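Pasting in a structure now, in structure tokens, and then I'll have a few things to ask.
Chain naming follows the written order as A, B, C and D, and within any one chain the residues start at number 1.
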Amino acid sequence: MNALEWIAAILLIAGALFFFAGTVGMLRFPDAFSRLHALTKVDNLGLGLLVLGLALQSGSLAIALKLLLIWVLAIVAAATGAYLVANGASRRP
Amino acid sequence: MVNLYLVFDLLLALTLMWVGWRTLTSPDLFRGVVLFIAFGVLMTLAWVRLEAPDVAMAEAAIGAGLTGALLLDALADLRARRSHQDIEVSRLAAVSVITLALAGVLSWVMLTLPAQHASMHAPVTQPPNASGITNPVTLVLLVYRAYDTLLEMAVLLLAVIGARALHDEAPVGRAAPQYDLLAPAARVLLPAILLVAAYLLWAGATRPGGAFQAGAVLGAAGVLLRLAGLLPSPATYRRWMQMGLVSGFMVFLLVGVLVIFAGLPWLGYPATHTKALILLVETGLTLSIGMSLLSLFMSVPEQRSPSTHARASAS
Amino acid sequence: MTTGLVFAIAGAQLFFLGVYSLIVHTHLLRRILALNVMGSATFLAIVGMAQRAQGAAPDPLAHALVLTGIVVAVSASALALALLRQLVAAGGGTALEEDREA
Amino acid sequence: MMQNICLALAVFLLLNVAAGLVRIMRGPTPADRMLSAQLFGTTGVGVLLLLAEAMRTPALRDVALVLALLAVLAVAAFVKRGWPDEAGGR
């Protein structure tokens, strides 16, 4: 493995750890709002680091851009969903 | 060295069975529906492992997206949201034993059946002419089994007619509340979704994708707009929608019949303009499938349900 | 054990799980869910069996069949849900009459 | 090597998905269940991207794209229409 692949591998593992942290938070945190906090780490950092790692070692600009697009769209969708659920939950006893 | 693929497959299959089981046994139907959405995500992964990316794409759009939205939407109209097993103990035991035995027998047959079968693979991967279509699934759908696909569109159309016979479109008169982020987000996402639909339609000739996936994505875009309250009153575009609904069936039929005058068999394609014709048919199919899914989502008796009404005015 | 066989057998279990649920539950939404699970299970069995041989190439015929099947399944579910809502709106409840008497 | 890492991480993420099921089961509120479903979708996108690399199937990125875009649909339907009044309905 060359240096670039090492960096990519480290990014991928770091991303996976954020997925793990998010899942642990989802299971351990006490209420919906703090669980939401855990979920957003997965969408932003978890998927973000994963995309970065995969883009680095893909060696193709087209693939890297597509991965970036997937991440941006996932963030827009996830942020909207998180906001809607939080807003709805805060308006209900 | 452990075969990691086998680990992945077994873990996925077990999770899939567990989610299926809990979907169908949870007393709380809302939980059942959410589990079914998770089931759709897991099915997408299963298709990927079965080397069926075409199917995975449709499942991602329909199983993990549209079906969930449909079920949640229907659940809102039901007052009875709990469901229990409703059967005597003796019959329950009989049903359990029989279904378990049948599942065992079927699994045994699957395990012992010799793994030889006639595959379409060889003829499909060597196209008879230079059609330019290299995605084997698209070839099956539009060339080898075009008759099936045509009739499948008719079935889809029948389902829409059936649903619309029950209700007309519900009005979308509900004002969007101020806090609502869904409408602006839908405006941002809409161009992306439409672009993806067009890309999948185009990609279908050579890569996984095609009319069914693009149509599902298109339908999802419509459903998102409707949920965000961005669709105008159905009365203003009813005619367009009806034309869209029948476009796939009609274009397909027209192409299928017109080629007869060129001396070709029914639903055959001329050697020269195959790709253009297939793309034309696929565009029609995409519109039809998208409109059908949106139309099925819209044919709900929203105004008749008191519980929905109360919630609508409260929010 | 190949990937195809793993998912084909999972499909077999899920199918009969759906049958069981269809029989023992009377709530119609549950039955629609059960039919959907049975549909997915059938699709898994079709594609899985086509691919059960070691190193088998994917069968495009099975994929095309399942692809159209998924679209038909969702439209059938939507029609069933529309019927269920009509039943509820007409005051018929969420179970069929013969089931409520039993 | 890289493919093995991706595959191993995909298995790891799938384990996370299985663990996340516990939250869908326990709830207690509908919001909790729906958030878990959203976690499912995002983790699914991650698994698809990793498998695209491990299985050398670029088309899986398109599947991930579709999944990432349309997972919001269920949440939107939930918030707009399907939010039950109480944790377990009635």
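Brief remarks follow.
Convention: contacts are C-beta pairs under 8 Å (C-beta built on N, C-alpha and C of every residue); 3 or more make two chains touch, one makes a residue touch a chain.
Computed from a predicted structure; not experimentally measured.
Across the two candidate interfaces, A-B and B-D, the one carrying more C-beta contacts is B-D.
With centres taken as mean Cα positions, chain D sits 18 Å from chain B. Rounded to whole angstrom, the centroid-to-centroid distance between chain A and chain B, based on C-alpha atoms, equals 27 Å.
Centroid to centroid, with C-alpha atoms defining each point, chain A and chain C lie 32 Å apart.
Residue numbers of chain C whose C-beta contacts span two or more other chains: none are found.
Taken residue by residue, chain A touches two or more other chains at 73, 77, 80, 84, whereas all remaining positions touch fewer. Multi-chain contact residues of chain D (touching two or more other chains) are listed as 34, 36, 58, 65, 69, 71-72, 76, 78-79, 83. In this structure, the chains touch in the following pairs: A-B, A-D, B-C, B-D. Residues of chain D that touch chain A in their complex: 1-2, 5-6, 9, 12-13, 16, 19-20, 22-23, 29, 31-32, 34-36, 38-39, 42-43, 45-46, 49-50, 53, 58, 61, 64-65, 68-69, 71-72, 75-76, 78-79, 83.
Every residue of chain D that touches chain B in the complex is listed here, in rising order: 4, 7-8, 10-11, 14-15, 17-18, 21, 24-25, 27, 30, 33-34, 36-37, 40-41, 44, 47-48, 51, 55, 57-60, 62-63, 65-67, 69-74, 76-84, 88-90. Touching chain D in their complex are the following residues of chain A: 1, 5, 8-9, 12-13, 15-16, 19-20, 22-23, 26-27, 32, 35-36, 39, 42-43, 46-47, 50-51, 54, 57-58, 63, 66-67, 69-70, 73-74, 77-78, 80-82, 84-85, 88-89, 92.
Remark: chain B residues 4-5, 7-8, 11-12, 15, 18-19, 22, 26, 28-31, 33-35, 37-38, 41-42, 44-45, 48-49, 51, 53, 56-57, 60-61, 64-66, 68-70, 72-73, 75-76, 79-82, 182, 185-186, 189, 192-193, 196, 199-200, 203, 207-209, 213, 217, 220, 223-224, 227-228, 308, 311 touch chain D in the complex.
Across the complex, chain B meets chain A through its residues 179, 181-182, 185, 188-189, 192.
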